[in-house]
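Chain naming follows the written order as A, B, C, D and E, and within any one chain the residues start at number 1.
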Amino acid sequence: MGEKLSLRRRVYNGTMTVLVRLGAALTCGLLLFLIGYIFYRGIPGLSWEILTTQTSYIKNTVGILPNILNTLYIILVAMALVLPIGVGAAIYLTEYAGSARLVRVIEFATETLTGIPSIIFGLVGMLFFVQKMGLQAGVLAGSLTLVVMILPTVVRTTQESLKAVPQSYREGATGLGAGKWHMIRTVVLPNAVDGIVTGCILAVGRIVSESAALLYTAGFGMVLVNFIDSLHTSAATLTVALYVYATEGGETALAFSIATILMALTLIINLAAAWVGRRLKNGKE
Amino acid sequence: MDPILQAKDLNLWYGANQALHHITLDIPAHEITAFIGPSGCGKSTFLRTLNRMNDLITGVKIQGEVNFHGENIYEPSVDPTVLRRRIGMVFQKANPFPMSIYDNVAYGPRTHGIRGRKELDEIVERSLRSAAIWDEVKDRLKKSALGLSGGQQQRLCIARALAVEPEVLLMDEATSALDPISTSKIEDLAIELKSKYTVVMVTHNMQQAARISDNTAFFLLGELVEMGKTEKLFAYPQDKRTEDYITGRFG
Amino acid sequence: MTAESLTVGGTVRKRRGAREAHKAVEGGIQVAFLLCGTLTVGFVLLISIYLILSGLPAIRQIGLADFLFGRVWDPTNATTGAEFGILPFILTSIYGTAGAVVLGVPVGLLTAVYLAKIAPPKVAVAIRTAVQLLAGIPSVVYGLVGMIVLVPAIQRTFSLSSGACLLAAMIVLAIMILPSIINVAENALRAVPKEYEEASLALGATKLETYFKVTLPAAGSGVAAAIVLGMGRAIGEAMAIIMVSGNVSNMPSIFAPVRFLTTGIVSGMGYAQVGSLYHQALFSIGLVLFLFIMLINVLLNVLIKKKGDA
Amino acid sequence: SKDSDNKGGDTALTGKVSTNGSTSMDKVIGALKEQFMLDNTGVTVTYDPTGSGSGIEAASNGSADIGLSSRALKDEEKANGLEGTVVALDGIAIIVNANSTVTDLSVEQIAKIFTGEITDWSEVGGTAGTISCIGRESGSGTRDGFESITKTKDACKLDQELTSTGGVIEAVAGNPNAIGYASLSAVEGKTTVKAVTVGGVACTEATVLDGSYQIQRPFVLVTKSGATLSPAAQAFFDFATSTAAADLIKNAGAVPVAK
Amino acid sequence: MDPILQAKDLNLWYGANQALHHITLDIPAHEITAFIGPSGCGKSTFLRTLNRMNDLITGVKIQGEVNFHGENIYEPSVDPTVLRRRIGMVFQKANPFPMSIYDNVAYGPRTHGIRGRKELDEIVERSLRSAAIWDEVKDRLKKSALGLSGGQQQRLCIARALAVEPEVLLMDEATSALDPISTSKIEDLAIELKSKYTVVMVTHNMQQAARISDNTAFFLLGELVEMGKTEKLFAYPQDKRTEDYITGRFG
């Protein structure tokens, strides 16, 4: 019984063990490198100055306040639009839809939207919102484009959390004579709110990281404008600004500073989504 | 006295499967009627036809009539929310909403448009008292209902049902998940309630049916085998199958 | 008791109006939600119709064969005449995606095996969080790091005149598709019945032999779905690779600067005159890209369905 | 004159002026609009650096008030009702990596390098190494200017084809073997790349203005002929073409032409 | 004859719960030994200690010895993969890999380094013949094993186990999911196999134990109550609990 595995098998096992660990290590290493490198290059360039001013050609200074605000504006407008639509669609699918075929069609459409690359959304957004509807490239056209793009995220997460609401709550409310909408409003939605919030956080993450869909719908504008004007004024978000500064302006240091901000946002968004997700799980137990 | 509820030749299908066959039966007002029968025989299904809770399940087809005060509740003109307000329901598994005890009881009245703080307070107290749980919860009305024990939760659900002042209370194995003490509290409660309400209950527990009900209906495979005064049905079952069942020979 | 009583709220007659208003509200709300639901379908139709309508004219003018199989893209050449062949873009997109798959899939699968089978739970959670983070990083950030770190590195390593080439794009894409591959593959691996592994172990196979010879093949369609998903990501990516791929419409080769379907659109869009054939042709490229994606979606659906059957 | 009124801020202008086009004009327009907005706080001037081609188009279809082109308008564009006003002249600097030993190239050498006849730096007096040519996307005004003057139209063999002036500068900065062309205004002050002299002439504002530096082109404001601009846009247009803008343009590295 | 497997004072814990208590028992070579006992008594657990399949479950703690040919298999120097090759196992639920029938049987030999096409062909045929399934599958060796019936799948699993030429075959309720015809085929097979192999089987079916085993061990609550020659144990159980169990008085 002291017998050992053949050399060949020991080599195989050894190699595979090494490979598997190497693969995992590579994945982690990549991430650590990315975070480390970006922070290393980006943090020195971050200053209050940069965060609170706009780029000036006369004074020869750089600043990304307009881009921070544009990002916020787009998040605001897009979420304000996508939230009711997405939640509404999810409610329809889980609570109302009578026809299985319609549900399938809608779910298929949602899936299809998920797979479409953002450059296509950018193209169609430009054709439809900017050219056809005559909106100037700006926060509004950009947000509308993003609404189409992130709708599936909101629909899917909402749908999942609606499904997780115990049927007995619905029965309880119905048994007391509550109408359907009343029941949804008073017992279903309040219990699905964590999932809806998770969906929103994920959607915000996609908005923050989006660039291709915004180039020709929200534009490249780097000027500080107020919210109302920004709706129809070319407005570059942080990601677009990063692209512009990195490739067009040659402002590598600034690009890394923006990247640092974006990485930090991504980190926060992921943690927030995970935290809400955990609460969701605990709450439902 | 006229029966308050009356099923007439009621058939029900889940998709292609017929779950109820030609049920005809009267439920007298201000009495307790118990439905018994082996698992899967259609007791719950029939109970839920009485306040149209089956509407919620897709693929259900119903034929025949259920008359409430002589009026067919399956008429298109009937608003099921109004119906369900008048025929309340308590479920097998206590299902309080994840809100405060107060809000649970106030949910129904609020749904039906009562907003006044004082009026609501009164209703909540009265309902909780009727459900014999007031003393246990009066100091924690604002606490989550999910913190109550199983038996308390079930009585809370009864209170919640009573708060909309129904005429009939349907109870689907309302005690089967409970310990004996909670069970006997709810049984006592049912007996008390019948002075004001009509109670229809599904039970797996024949002793329970025998103890507290006035009438008993025995179901088998989706059919009503026999219905009658409880003492009579248990003492002199008319049908061989009823006898087999109540003497424990099957089910 | 009259029929009316049940329909309008019994004794409380004054609520009759309220009841009817309430019913209208219920109906209205249902319609509103239905609209929200059908909006997604509307969006898909909108995208398809717009792409087809705006993509077809140029194809018709250029000629389908010349457009798809033309080897030269030179939309503004006034000397010898403009040429609109997108074969270089199509091949680049295919090669780039294939390269990303070749580089990314092994690493992704190995990581997935590690996560699903080997990693201690705490380590697995940490890595999974890392992978999620990787998925959330904006693509321009990948592009930036690629441009500043990877491109010069490739140039030095291979002593090229320029490091911005197909290889750089493949590497960036490979990293970008890792998260989706890892996620889907890990789930597929976890779904493989334990019995398969037990049987293999009982035959004297080691754990690693079991994972690679039984578990991974048994997770076949799920793994395939992971790969196809990664392909979809790779073929649709634009902003990360425009920064590292050199952007010249050459026929693809590993060290050549190249242009993808996606980057072809992005770089042309700023320079093509609206309404010109050049501009219209960009939408035709969009249409071709869209068709590729649809093909991949269909493939994905088939795979997922197969997984459901198994 | 009108622009001095604006500077005084007596006429409270409001509204939005959108400009769109040439990426080479980034610095010039950036400085002009910034000053203009300081003078007229009620006006927002936006600039979308998309490239000369789409700038011209934006002016013609009205999606921008003023189009920006870093090349002169073609006759057919003029025939289509567009009007070009030169705001500045700009040298197209031929740039190489800061570490390159090459300091001077003739126009012919440049042409041969970009068309692939010369492929190694040793052929033009540098240290041996394969030359990497970095150019611009077709449609770029800079490319148009460069190719017309060096007579390499549609004949360039490029290693990278970038969508912006800054992109070319970055790419050349990051590659010791690279050569590229970019707006003088954008190259000035950069240490990572250096501009070679062309036929012995350095690329400076003076040599561009007197014409001794051959590779140059105009910066053009494109408007629709006949159509009236909004008051704000007209004011900006007037400001940009006035002598008051000269210093700004000079500081931005281009050569003002207003007399 | 010496026992091929020997457990000595074996204790096993799942976490804090002790599932096996002081098991001491000999398994003679070339005979069929059956483990019987009510559900949850530890039969499977014990069976899996014999080829260290329990190693795979986290939180399992083992004390005592299991000797295979007189050598303790829990010594650190023992490689469990080598051990499992010599002590094969067949599971309650047939678990062929989702590959072809051929590849299923060839899996073990290939794992152990046999690559030659001809050699593999021979092993596959021989194993399938030994498992009495060759005739049923010889024309579809390249087809997926998942297309076989339950009984065929189980025999394929036996063939797969035989292909690595084990000395002992452990079978955990290998027939409990099968129809009577498949069951009797596998019973016949077990009897045939014992000339070459030692068979240890867990069964819920006392008739089966009585029909085909040479020795029977009766487990209760993690303890070995009694072990002996099968005819003797069924005819004259020594322990009251064994008697109760085999006469159907509990379990």
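One rule holds for everything that comes next: a residue touches a chain if its C-beta (ideal position, glycine included) is under 8 Å from a C-beta of that chain, and two chains touch if they have at least 3 such contacts.
Composition by chain, UniProt nomenclature: A = Phosphate transport system permease protein PstA; B, E = Phosphate import ATP-binding protein PstB; C = Phosphate transport system permease protein.
All values reported here derive from a predicted model rather than from experimental measurement.
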| item | value |
| --- | --- |
| Contact-graph distance - origin chain D, target chain E | 2 |
| Farthest chain relative to chain B (centres taken as mean CA coordinates) | D |
| Winner on C-beta contact pairs when A-E is weighed against C-D | C-D |
| Rounded Å distance, chain C centre to chain E centre (Cα mean) | 49 |
| Mean-CA-position distance for chain E and chain B (Å) | 53 |
| Averaged-CA centre spacing for the pair chain C and chain A, given as whole angstrom | 15 |
| Per-residue multi-chain contacts in chain B, two or more chains | 82-83, 86 |
| For chain C, residues contacting two or more additional chains | 147-148, 206, 209, 242, 266, 269 |
| Multi-partner residues of chain D (each touching 2 or more other chains) | 50, 162-163, 170 |
| Residue ranges of chain A touching chain C (in the complex, touch as defined) | 5, 9, 12-13, 16-17, 19-24, 26-28, 30-31, 34-35, 37-38, 41, 84-89, 91-93, 95-97, 102, 105-106, 109-113, 115-121, 123-124, 127-128, 148, 151-152, 155, 179-181, 205, 208-212, 215-216, 239-240, 242-243, 246-247, 252, 255-256, 259, 262-263, 266-267, 269-270, 274 |
| Interfacial residue positions of chain C with respect to chain A in the complex | 22, 25-26, 29-30, 32-41, 43-44, 46-47, 50-51, 54, 106-111, 113-115, 118-119, 127, 129-134, 136-145, 147-149, 175, 178, 182, 206, 208-209, 211-212, 232, 235-239, 242-243, 262, 265-266, 269, 282-283, 286, 289-290, 293-294, 296-297, 300-301 |
| Chain E residues within the chain A interface of the complex | 68-69, 71, 73, 75, 77-79, 81-83, 111-113 |
| Interface residues, chain D side, partner chain C - complex | 50-54, 56-58, 61, 129-132, 134, 137-140, 153-155, 158-163, 170-171, 174-175, 177-178 |
| Residues on chain A engaged by chain B in the complex (per definition of touch) | 98, 166, 168-179, 182, 186-187, 190-191 |
